Each structure stands twice: as structure tokens, then as C-alpha cells.
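See the structures that follow.
In the two complexes below, chain A is the common chain; its partner is chain B in one and chain C in the other.
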Partner chain A sequence: MCGSHALTPSEAGPGQPCGAADGRCIKGGWLMAAKLCPVPYKSLETHGTTQAAAAKHGCHKEGSLSGEGGRQDFQECRHPAVIMAAALTGVRLVLRSSCCTTVNRAISSSARVFGIKSRWVAPLYKTLKHRHIKMKSLGLMPVNKRSEFIEWNYDAELYAFSKRLQEEFDGDALREALTDASYIAKETQRQQELGVSDPGLAMNNNKELAARGETVITEYCFGYLRAAFPLLPEEGISALVEYCQSEDVMSAVGYGIGLRDLVLCEEHPPSSSTMARCFQAIVGVLSVSSPAPRCHAFVRDFVVAQLVGKDIDTIWKVENPMGVVADILHQSGRGEPEPRLIFQSGQETIQAVYHVGVYSDKKFMGSGYGETVETAVKEAAHDALRKLFQITDSASPLPFGKDADVVPLKTEANISLDNWSIDKTKNIITC
Partner chain B sequence: MSAARRVQQWATFGRMWYLYDGKWQNPLESADKIVPYLDGSHKPIFHPLNDSGDHVVVINSRDIALPGDEWEKRVYFHHTGYAGGATWTLAWQLHEADPTMIIRKTVYNKLSKNLLRRGRLARLHIFPDDKVPDSILKNVSAQMRQLRPVPRRLDHYPQEELENFPKIFDWPKDHVIN
Partner chain C sequence: MTTKTWNLFWGSNFVRAPLQNGVGRYVQQLQRITFKFCKTHGGSKGMREYIEKELIGFARENPGVVVYVKPRRHRSPCLKAEYLNGGEEYISTHVNTCEDIVKWVEYLRGRSGYPVERLRKYHHTDYPSIQGPWTPWIHRHPGINIKEYPCEELSAVQPTEISATQKLLELYEQQKQQQEGVGSTTS
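Right after this comes the complex of A and B.
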């Protein structure tokens, strides 16, 4: 029975069913039941029948466990000894019930006693899981805010937030930056509903700080990108800055630095516009509480870094590239751009490839590919522009870290696209 | 994906069309040269799951040159599947029946043995002479170098050049050379 404690029937006295010194047996079930039973363990072993044990206890009639009557008695008498005895004779019951016409359902009970989960348990869990997934996909599952949990500590979270970013924030200003206007409105309304006529909420929303942060980001991005792309026209720089300031980028960065649970707003999770505003407000707080270089490094590492790996072509789209190339060449006093076919293959097939180069005064400007000649010419013009503006794939990457600290921010605007000429770029130092 | 990236990929995976002149070339060695072009393994982007094979247009397949006595000794076996359906055709007989067959069979045997084999062979276009339809010739974008230069026989030289060629002595007028 209990393999871990050697025990002979003679050693075990009443109330001490197991050989363990403190009377506890790890293997639970059977012997614990026997311990609770005042009937001597020895008698159970020697007699070996349920009927004998139950009869000694005086709550069972001899021979009544068999068949339908036995089940009834079993339910009535919940004594542990009886349960254990039922378990012991489970196999015998199976044998008997196989002979009877009536099904003996007491067997499932004995299975529970043995620690075997019945056949309905796994299907139940499967159904629950299925329902869970379905409700989640339908959006019916309530999303719990982290702040609704009992051990939520907002102060500790704010402290940890600044430590994670390794920045020093002004505590009150940080709270203000994370407070959306919708939260204050909702809180005021809630308190009024509860009967507080004058809620007296001494909270400010983050609108001012967001505006401040937006200015900081814009100014730094302009200065940085002008220095990083000295030959890119001002229109391109503006498009890049606009991209950096876009709601998508701002909110993505906000989510990325873990503002999701810290923002105080009406909706949950915070909408992208709320998140974007909060991130700008965080930059605004940093500009107040930290020196400018530190704030600039923050903007560079979190906002400007979003440009890494992006094609400038996809952010700043030049509509009529060949016209722009022609204008630039005209202003530079060069010859007209001339597209020439460099290579073609599979002209008669649907997989035709054309390689076109753009030349001016027989000098190569750029080349592009395409499935038609028109596409290839357009791409060649784009390539010529990329070469002129030095934003090709082989151009040096954006400076970050120590390299970026050395680069002086450029306040004056780059050359605009209308005035762009090759001669004007000769005096521009590129890094 | 920006337009530049899209056309870059288009150009990378674009198919080339190579022209190969089979005149006086050994078809067995030529197949070794043609097969990598058909399955694309001559490209740096090659991958077994990557459909990057090129087209090869072989011209003048009637003028291929088998080495030694291969024309008489090389035998092409075919079996119809019926009893007594086996045939053994000599190379010169097969070449007479279809002047593109020897080079096609050679390339087919040297292509890797998988399900892509027939598709790759379909990119091999063989013509017995230099008359290639325009629809195919327009696609051609490059030429494969021949394995060996085509030898020039004495009767290929123009008469004028032969006469002006410096000679050590003149044959007697009544001397018959051939």
C-alpha cells in the first residue's frame, strides 16, 4: 500500500495507519483515510473486505454494497473508511457490474478517489479554451488595465519608468505629461455623479507639454537631418520631419517605451492620438528637467532612429522625376537629360527587363530597371536624383551616438528644390 | 516596398536569353556548358527552390562535331514498351532524322533528375541552322562563347586572298595539287 514506509499489520495500531513517526504519509489518499478511521488498520488488512470494515464501524449493513443498494448506502455514508473501502473494491465492482444488467455508476466516484480525472474534464477545458478564444476574437473579453490590479503602485511605476530610460524627470511634470484631458473630464464627471459638487481636481492635462515637446522634436529633427543630408532639398527634409512627427511614429515610440499602462486617459488601451500626444509631452518634460544635449540625444535615439532602414523615396515622393532632373541640369548649365537603353532581355515575353541610363552631355547620371521602357526611364531619373542628393543605398548611414554628438545642428535651410543646382553643392561639406 | 526596390528585384530575377552557336562544337561538352545556364546555377542568387534559370538558343545544331568515331559507335536506345520494341539507332542516323535531337538528348541527360527537368529543357531552343524566328531572336540578350574556334578550311578562303598569300615558290603550271 504505502511503499515509502515499511509497515507490517502488527506494528500499526489504531489511529496510526502508516509507519511514519509523525503519523503523516506523503502518499495521501488511502492511508490518510485509514488514519481518520478509528477502526484498526490491522483489521482492514486481515479481513480484507469492505463489508467487514463497514460493519465494524456500525454504519453499514453486511453485503449491502453490491448492486444498486450499495451505491445508495455509499452516498449516505460519507465516512472516509467507507470511501477508501469502496476504492479498494472498485475492481471487484466492475466485475460484478459487468454481470448485472444495471450500470454501476459508482465506479466514477472511485476513479476520483484514485486521483484519475474523469472523461469530462478534458473536454470541459477544451470548450472553455475555445470560448475564450472566440470571445477574444469578437472583442468581448474585458481588457484589464494594469492599474486595476490590487498591487498597482503608480509612484513606483513612474520612478521605474524614468530609471528604465535613464532620464531624470520632474515628478509633477511627468504626471502632468501622462494625464490626458479625457481622464480629467471623466474623473470630474464620476465624482459629480457620486455627489461631490466641487471635485477640486488639481490636475493639468498634457496639452501644453505636448506642444512644447512637438516644438523640441521639430527643431531638433530639422537641425539634425539638414546636417545629415546636406544635399537633400528642403522639401525632402520637411517630408522627413513630418514623417517623424506623424501620429503613427509618435504613438509607436510611445508604446515602445512602455507608456501604455502609465497614461491616464479615458480609453484603454490608449488611442494612437492620445499616445502620440503623451510621448510629445514626455519630450516636453524632458526639455524642462534636463539640459538640451540630453533631451536632443533622447529625441535622436527614439524619434530620429525610426528613419533607420527606411527608404527616403517612400517618405518623400518626387512626382515627375525626369522633369526635376531636367530643371536641375538646366540650372546647372548642363545639357538635357537623355535616357538611353543600356540593356534589355526577353523583349517579346511578359518577363521583359529593360535597363535604362540617364545621360547629360554624354555623362552618366543614373540608371534604372523596369518591365517597360517608361518605368525604366522613370526609375533611372529617380536614381539620378538619388545620386545628386547623395541618398543612395551606399551613402553613409545616419550618425548616432558619439558621431552624432560631433555633428553641429544646422539652423539655416537646405537648398530648395527649385533653386537646386550642381554648382551650388560644391561648397557644401558632406559627412 | 518602394518602386526602386520593386524594379531592383525585377531585374535581379529577370531571365536572360543566351545565344549559342553549335557549329563545330562537341555536343557532349556543350551540354556541360549549357546546363548551368538552364538551371540558373551560374548565378549568385541560385537556390534549388529559386526559379532563376535562363533561356539558351542553340543555332547550327546540324553542324555539331562528335569526336573520333562517335558518329558510328554512339548508339541511342529506345524501347516502345511492346515485346520486341527495342531499337538501337546510331548517332549519324538519329542526326539525319532530326538534327536537333542529339544536343537535346545530351542536355536532358545532364540536367539534374527532378521534376524541374522538363521545364528547364523547355527553355532550351535548338535550331538546325541559323534561321531563327524573330519572336525568339528579339529576346536574345547575350551570347555564350564557343568552346573552340571554328576551323577554317582552305576552300573557305576567298580566291583573292589565296592568290595574294606569300609563297616560297610557284608550282609548275602542269602540277596537279588535287
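Right after this comes the complex of A and C.
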């Protein structure tokens, strides 16, 4: 079967043996081959007899079987009195004899029948595993949903989900939040294909809840970040909120709290947009079922916490920092910003470094380093802005936990960048 | 095991927490654990004992962990733990006693789900310095910018050790003091 046309297991089908006579097929093929052409009982009996008889007559020690002389002895040692016992012990002896150094085709083939894994098995499994890993990395392997496994209880999962996050969710609303529109569409279509004219799926998707959650997250992030960064212009606050609301952050939080296995959607694993929507819906459920402070604490602990360790400069990029510094100084009635070289080293080499300071009315505002004077000036202007907005590395960290509970949310907008001046910031109390 | 071997197979990493865990609130990272065992086989004796004695208490103390119990005929027992970040851990508990399994479950309960790796340091920060990076001009007086060069004060050699002449002078002074001391005691 294997000689002319090698069938793959899928071609052959599960019930049919794929040809395995030449040992090039998978393990299932070997078992099938064994069933198709079992070793004749007589050959077993003969073999067992010879070994047992040889042992009895003391002319053979196990492991020393070699050469024609030994076989001659076996022929002579055959004795009718030991045939019965030998037939009974034949199987065991066959297995044992496969360990002998002599190559005996009959023995090795019987050994395969009885499941002895000879030296081809390990390399085969290695190759199969290698292929498996490769296909997985290429995305060709289907990933099983966790809910398809036998040990899966959706109710228990939902209970543990709320307990894990230390929140109380409304049960039905939580199920709704975890149901994506694509799942309902797929289920309806599947039932119609099966002949159910009116599927009657009393399920709602999570779009409304997601919209509600999005509003809650946006409002809270604005209030919290304005209070935490009172001197940061409104443009910066908007950029931070946009970052918190971005699909990447939302889906990362969704994955991180274990929504991956719980969400009901068509695709698997869930796409990041589905996951982001689902997480927003979870916040929406919480805003319905829990008081506002509790919902706010949830948003703070899971969404705002993603800002910890991030550089605000990378999230909110000021394109022309020197121009912004000049505008602010102009608004404040101060002198023009004046970049001055503080130190320099290694000019006209590839290791040149310049240290530039920004001064206004001979007052130091900030300094920066760069490999050229232009980059150093830009860095110095950035540093001056960081100092003005109080977002330096040495600024106090974002408040969480008990510290955050006492900070009142700020509803009115921060000063916008166009109107930002040093005088206006004097009345702002920083926390 | 040498460091090279360890790095080859296990790698190394800094201390990290998934999803800024603990910044806001702590979320237990173990999300579900499956106890697989045989109802009759001797190898699962400890596991059966654990299920009878300890499992209810474990589930009660950890409501955020979904516990599955899966009997499988004539197969050796094991623990399968799944974590929030997608990490999985398999522990074979063949012929383990109940006490052993208690320890293994405790081990799985406190894990983060990240693979076990050599930690380069036991602490980590995204901000190694809040004062900015080091430069060659840290702690140098900016007054040297407005000096007129060549400057004798800045060009002078700043000796780090005392010279031979100074050392001789010191020795001479010491000797002199000793002699004076001897003279005063004898008189």
C-alpha cells in the first residue's frame, strides 16, 4: 500500500490503515499493520521453545546468542516435554530476546507487534514535535478553545472572575458584557443551517455596555489625570487619556484579567478589538451594578495603572519644544529663551557631546545633552517644559490606593497650551 | 549546573509583574487548576487523600481559582495550572503523598505564570536614576567656562601623594620632636 502510493493519514481516513509496511508511516500505521498481518503463532511457539529448551539444557545463556553454532544447538535441543511450558512463556522470551545483539528479523518484527519501541520511535517523535512547533509558529495549527475541553464550567468561571477582581458583578449583565455580536450572528446562522427557522436566541451583545464603559473610563481618566498633573496642559491630558483608551491598552488589560477564555466571539483567539470592547463592557457592567467610587477604583487599578513606568514625553510628543517654550515665556512676560553651551567635548569626532542650557532673563530653565548642538538645544527645551509642567523623573508618583481616594476628581479642564503661562500656575495647588 | 547551561535552556530576566499587578490591587494570577487522578490506582492515593481532606479548604480560601477534578481510569495523577497571562504548568504527582501535593499546590498558587528563569537582580526599576544620566560634567564647576586660558591655577599639577621632599621633611620633624622629648625627660 505504501510502496506505490503513500497515503497520508487524512487521505486514508480514520478507519482505514495507512500503509506501513516499509516503516515510513506514523505509529497508528504500525498498529494497523500488526493487525493486518499478525505473526503466525507457530513462529512464536518455535522461537519460545528453542530458547526455553536451550536454557533447560544449559547450552545457552541469555545475551550470548550468536553465530550459526547457537542455532544448531537450538535445533538439537528441541524436546517435546517442554513445548507446552515454552509456548506459555513464549511471549516473554520473545520480548527478552529482542535485546540480544544478534539481528533476527522474526524477533524484531514480533517485538514491534508487542509494542517494543525500537530506535526509530524517538527520532520520529522528535520530527513530529519539530513540525508541530513550526506549524504553530506559522499559525497553521488550530488553537483549541479552553471552553471546548471537558473540564469547563462557565458558571464557575464567571464566579471566580468576579472574586478574582474583588468585585460584585450582576450575573446576567456580566454574561451580556462577555457576548460579542459576532457570536450571536454565528449561532443564529448555525441554527438556521441545522433547520431551526426561528433560533430564538435571547442574547444581547455588549455594544451598549461597551459604550457606557468607554464613557466611564474617559470621564474618570480625565478627572484623575487632571488632578494628578495639575500643571500639564489639557492637550497632554487628552493624549494620556487617548493612550489609556487605545485598543492596545484596553485589550492588554482584557487579556490580563483573564477575558481570553470567557469571551464569546466568533474568532479564536479573540482579536484585540473584540477584547477591548469586552473590557469596556465589563467596566460598563460595573458602573451599573456597583457604586461610582468602586467603579472608579476599578478603572484606576487596571487602566490608569498602565501609565506607571511610562514616559509621558513618549505618549504626548511636543514637536517644536523651543517654540512652545518661547510662547510660554512670551505669555508670561519673560525674556526670550536663550540656549547657551554649558560644556562640550570631542568636537568634530564621532563622540562629540554638547551640554546646552536654556536661560531666560539669565535664569536657568533646563538643560539637555546631544551629539550635535541642535539636538542638545531640543533636549534642553524639552527639559525646560518638563520642569514647567512638573512631569520630571523626580516628580511624585501617581497616587493609588488610599492616596488616590482622597484626591478629588477635577472636572474643569487644565490650562491649554496656548494660554499656558507661569503666572497662571501660581494659584494651582499641586498634590 | 554552569551559568552557560542555565542561560542556554532557561534564560534570565528581571523581576516583573504581569499587568502592573500590585500597583493598584493584587490579582491572583492562578486562574484554574485541574486535579487529574485515578479512582482506584495506587499511584493516585495521595491525590485522593488530598481531594478528601484539603481540596474544599483550598477552594474556599481561593475563590478566584476555578478548581476542576478529573478522574481518569488507570492514569497517573497530575496537576495542571493555568495562569491569567496564558502560562501553564504541569506537575506530575505520581505516588506523591498528600503532604507533597499540598506543597505543590501552594507552589502553583503563588506563581505569576511567567516561566521560571534566573533573576538577574532581585529588584528592578524603570527609572535607574531620577537625577538624569551621568555625564562627564557632573559635579564640575561651571566657573571654569569663564576662565582665561592658559590658566596657571587649572594647569597646575594636583598631586595625589606626598613628594619625597615632603616625606623627608616630615621625617626630620618627627626626629626633632623625639629628640626634644628625650632631652626633656633626661633633664
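Just so it is clear, the second predicted complex is superposed on the first by the 316 of 431 C-alpha atoms of A that agree within 3 Å, B and C clash if a C-alpha of one lies under 4 Å from a C-alpha of the other, contacts with A are read in each partner's own complex, and residues count from 1 in each chain.
Rule of thumb we're sticking to: a residue touches a chain if its C-beta (ideal position, glycine included) is under 8 Å from a C-beta of that chain, and two chains touch if they have at least 3 such contacts.
Everything numeric in this text was worked out from a predicted model, so none of it was measured.
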item: Partner chain(s) touched by A:His355 [first = chain B, second = chain C, both, neither]; value: both
item: First (chain B), second (chain C), both or neither touched by A:Glu379; value: first
item: Which of chain B and chain C A:Phe343 touches, first, second, both or neither; value: both
item: Chain A residues touched - chain C or chain B, whichever exceeds; value: C
item: Partner chain(s) touched by A:Gly370 [first = chain B, second = chain C, both, neither]; value: first
item: Which of chain B and chain C A:Glu412 touches, first, second, both or neither; value: neither
item: First (chain B), second (chain C), both or neither touched by A:Asp198; value: neither
item: Which superposed partner A:Thr314 touches (first chain B, second chain C, both, neither); value: first
item: Contacts of A:Glu157 with chain B and chain C, given as first, second, both or neither; value: second
item: Intersection of the chain A residues that touch chain B with those that touch chain C; value: 343, 345, 353, 355, 369
item: Touch list for chain A against partner chain B, complex; value: 311, 313-314, 343-349, 351-353, 355, 368-371, 375-376, 378-379, 382-383, 386
item: Residue ranges of chain C touching chain A (in the complex, touch as defined); value: 18-20, 23-25, 27-28, 31-32, 34, 63-66, 68, 70, 82, 84-86, 126-127, 129-133, 135-137, 140, 142, 145
item: Chain B residues touching chain A - in the complex, by the definition given at the top; value: 2-5, 7-8, 10-11, 14-17, 55, 135-136, 138-139, 141-142
item: Contacting residues of chain A [partner chain C, same complex]; value: 146, 150-153, 156-157, 159-161, 163-166, 252-253, 255-258, 260, 297, 300-302, 304-306, 308-309, 342-343, 345, 353, 355, 369, 392-394, 400-401
